[in-house]
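Below are two complexes that have subunit A in common, paired first with subunit B and then with subunit C.
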Partner chain A sequence: MAFEILEPGLATTVQDRGRFGYYNVGIPQGGAMDALSAEMANALAGNTPAEAVLECTYMGPRFRTDDAAVIAVTGAPVDVKVNGGARGEWSRLELDAGDEVSFGILRGGTRFYIAVRGGIDVPVVLGSRSTYGLGGIGGLGGRPLRAGDLVPVGNGAAPDGSEPPQEIDPGLRPVFEKEVSVRVMPGLYDHRLTARGMETLLGATWTLTPVADRTGLRYSGPEVEWEPRQQPFGAGSDPSNIVDAGYAVGSIQIPGGKEPIVLHRDAVSGGGYAMVATVISADMDLLARSAPGTKTRFRSVSMDEALAARAHQRSLRARLWGSGD
Partner chain B sequence: MRILPFGEGALVAEFPALDDVLAHFAALSASPPPGVTELVPAARTILVTFAAPASTAVVRQWLEQTAPHDAEASTAEDSRDIVTLEVDYSGQDLPAVARLLGVSEAEVVRRHQHCVWTAAFTGFAPGFAYLVTPENPLQVPRLAEPRTRVPAGSVGLAGEFSGVYPSASPGGWQLIGRTDARLWDAAREQPALIAPGTRVRFRAV
Partner chain C sequence: MADILSPLPGIFYRKPGPDKAPYVNEGDHVDVGQTVGMVEVMKQFTEVRSDAAGTIDHFHIEDGGTVNPGEAIATVSEG
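Moving on to the complex of A and B:
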């Protein structure tokens, strides 16, 4: 079976949990930006967490299914319509052959997810179905959906025959706020900022600019002060330059001391800007949910706090999937 | 080697020189403990990312205790073909590069073609390779202000490296030319034209 794309939306891509082991050739992990929302869509549709879903950005697609299907929509708040009639997010939706699904305007956040029982069945490329646009791989032809695309859907039953949830407990659903506090660990190159520069990074309220995509998110705010420095040869003369090094997902760089950039799941694997702090992995979804204009504070946490946050994420997922891990 | 934490899911090992990086990378990539997801060599560093069952302690110990491979032995036998890239040497930073080196533009172009370059490591964007050459006669700093958009095929210099931008992207390298070669083609069996170890020559057109 397949979904026929009538209107593609702004940037609708196929994503799963990502592609690992190719970062050293410049291919990032990718995968759903708001991983927890994508997982919840899969849970509702009766899939395993590994199935590929559609990630919709700002403006969703309009599509028709050629067969009966079980779908779920999660993530940023949006009106879901089936044949023009209002349906809800965060719950299981049954479609008949020929049904048309469309979406209203986002009421907050940036991305929502559509899962379908059986998963989006595009070929696996380097271990993943995720679309990586810059490299032109994964998904449908390595690109966002276009009108006229037929998006293949796999034949899947619910894993081990268990009945998937009818809806996600409201207490478990992510929230989409206009003000967020994001936890970071200072380093690697935090010593390159002056004490005042670090205070600015951690004390200021930053505003997410519209320059925000799967690669990274850019924030506006006050200027951050760097230590004056004789640069090593080969590094640029910008005080934030370093000799090229690998970038972890979540790392924050501040080229020229202005407008911090947080790298996200389609991060470039390396470059020549000092990484002054790293967003903890548990808060990467939070960034993915932020809409431009979101007021953002970066709060410093210790390694122990970061690990505790990661453990908390695992326990959330365990509740979602009703298993030990 | 100096090991630094990079968030709670990554570590970076710093080395004195590129040769040390490559020798340690060769050894580390042959023996990753379970849970290590990525290993990214760069000019002076190796980035390691990991998840359970790996932990900071386990990964740190592995980094400290893995003996480097002899870099000489691993590269000497490399008999890969040389990839020749045809370049239009009309990059916008060619005059500045000549000035920085105190030579003519023609001499910059001559040196760039004369050297045999080797891909030390890849990264930044798919298909981007950091090319080195012995006693590199074209060492210039990167731009003070990076460009927000560098066209695909741009040939650049920065520090000890030369490189070609596979796709349009932001970039801070000094641009000396352009090539039509497809550095990255997802439809090819080997999408990257230049892999670590590949030797590269440039030829003016």
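Moving on to the complex of A and C:
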């Protein structure tokens, strides 16, 4: 079976949990940016966490299914319409052959996810179905969806054992707020900022600009102060430049000392900007949920706190899949 | 009266290019589906079209201004 794309939306891509193990050769992990929302969509559709879903950014697609299907929509708040009639997010939806699915205007956040029982069945490339647009690999032809595409859907065997949830408990759903606090660990190049520069990074309220995509998110706010130094051979002349180094996913660079950029799941693997802090893995989804204009504060935590946050998120996910912690 | 809403966040432009004339001006007639401007986000330009036929009464967002999803870009007097 397949979904026929009537209108593609702004940047609708196939994503799964990501493509791990190739960052050393410059291929990023990719995968759903708001991983928890995507996973909840899979749970509702009766999939495993591994099936590929559609990630919709700002403006969703309009599509028609050629067969009966079980789908679920999660993530940023948006009106879901089946043949023009209103349906809900965060619950399992049954479609008949020929049904048309469309979406309203986002009421917050940035991304929402469509899972279908059986998963989006594009070829696996380097261990993942995720679309990496900059590299032109994965997904459907390595690119966002276009009108006229036929998106293949896998054979949706009914899940064995426990019945999938009919809806996600409102208390477990991610929230899409206008103000967020994001946990970071200083480093690896925090020594390049003055004490006052670090105070600015951690004390200021940063506003997410519209310059934000799967590669990274740019924030506006005050200027940070760098330690003066003679730039070493191989580094650019700006104090925010370093001799090229590997970039961590979630690392924060501040080109020119203005407008920090947080690298996300499709980021390049290295370059010449000092990474002054790194967003902890547990909070990467928070960035993906932020809409332009979101007031953001970066809060410094220790490695122990970061690991505890990661463990907490794992146990929440285990509960979603009914396997306890 | 009908509002033309932006489906996207980003920068709103009333002209197809810096040296071009605006798509439409206040007082002009627009048809259903006619382009009245475009929004730039994620290095993509998306045309904003009118859902109503009538006369452009007023633009709420200036050329180069910032819009949010669901925000009214212009008001059309129908008929």
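In the analysis below, the second predicted complex is superposed on the first by the 320 of 325 C-alpha atoms of A that agree within 3 Å, B and C clash if a C-alpha of one lies under 4 Å from a C-alpha of the other, contacts with A are read in each partner's own complex, and residues count from 1 in each chain.
Just so we're on the same page, a contact is a pair of C-beta atoms (placed from the backbone, for glycine too) under 8 Å apart; a residue touches a chain by one contact, two chains touch by 3 or more.
As the structure is a computational prediction, the values presented were derived from the model and not from experiment.
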{"item": "Touching partner for A:185 - first (subunit B), second (subunit C), both, neither", "value": "first"}
{"item": "First (subunit B), second (subunit C), both or neither touched by A:152", "value": "neither"}
{"item": "Partner chain(s) touched by A:107 [first = subunit B, second = subunit C, both, neither]", "value": "second"}
{"item": "Contacts of A:248 with subunit B and subunit C, given as first, second, both or neither", "value": "first"}
{"item": "Touched partner set for A:142, first subunit B, second subunit C, both or neither", "value": "first"}
{"item": "First, second, both or neither for A:257, with subunit B first and subunit C second", "value": "neither"}
{"item": "First, second, both or neither for A:59, with subunit B first and subunit C second", "value": "second"}
{"item": "Greater residue coverage of subunit A in the superposed arrangement, subunit B or subunit C", "value": "B"}
{"item": "Partner chain(s) touched by A:77 [first = subunit B, second = subunit C, both, neither]", "value": "neither"}
{"item": "Subunit B-touching residues of subunit A, taken from the complex the two chains share", "value": "20-21, 23-27, 29, 132, 134-137, 142, 185, 187-188, 231, 233-238, 241, 243-251, 255-256, 268-272, 275, 278-281, 303, 306-307, 310"}
{"item": "Subunit A contact footprint on subunit C (complex, rising order)", "value": "5, 7-11, 40-44, 46, 66, 68-70"}
{"item": "Interfacial residue positions of subunit B with respect to subunit A in the complex", "value": "4-10, 12, 37-47, 49, 56, 121-128, 130, 139, 141-146, 158-161, 167, 169, 172, 184, 186, 191-192, 195"}
{"item": "Sites on subunit A touched by subunit C in the complex", "value": "10-11, 57-59, 105-107, 210, 212-213, 291-293"}
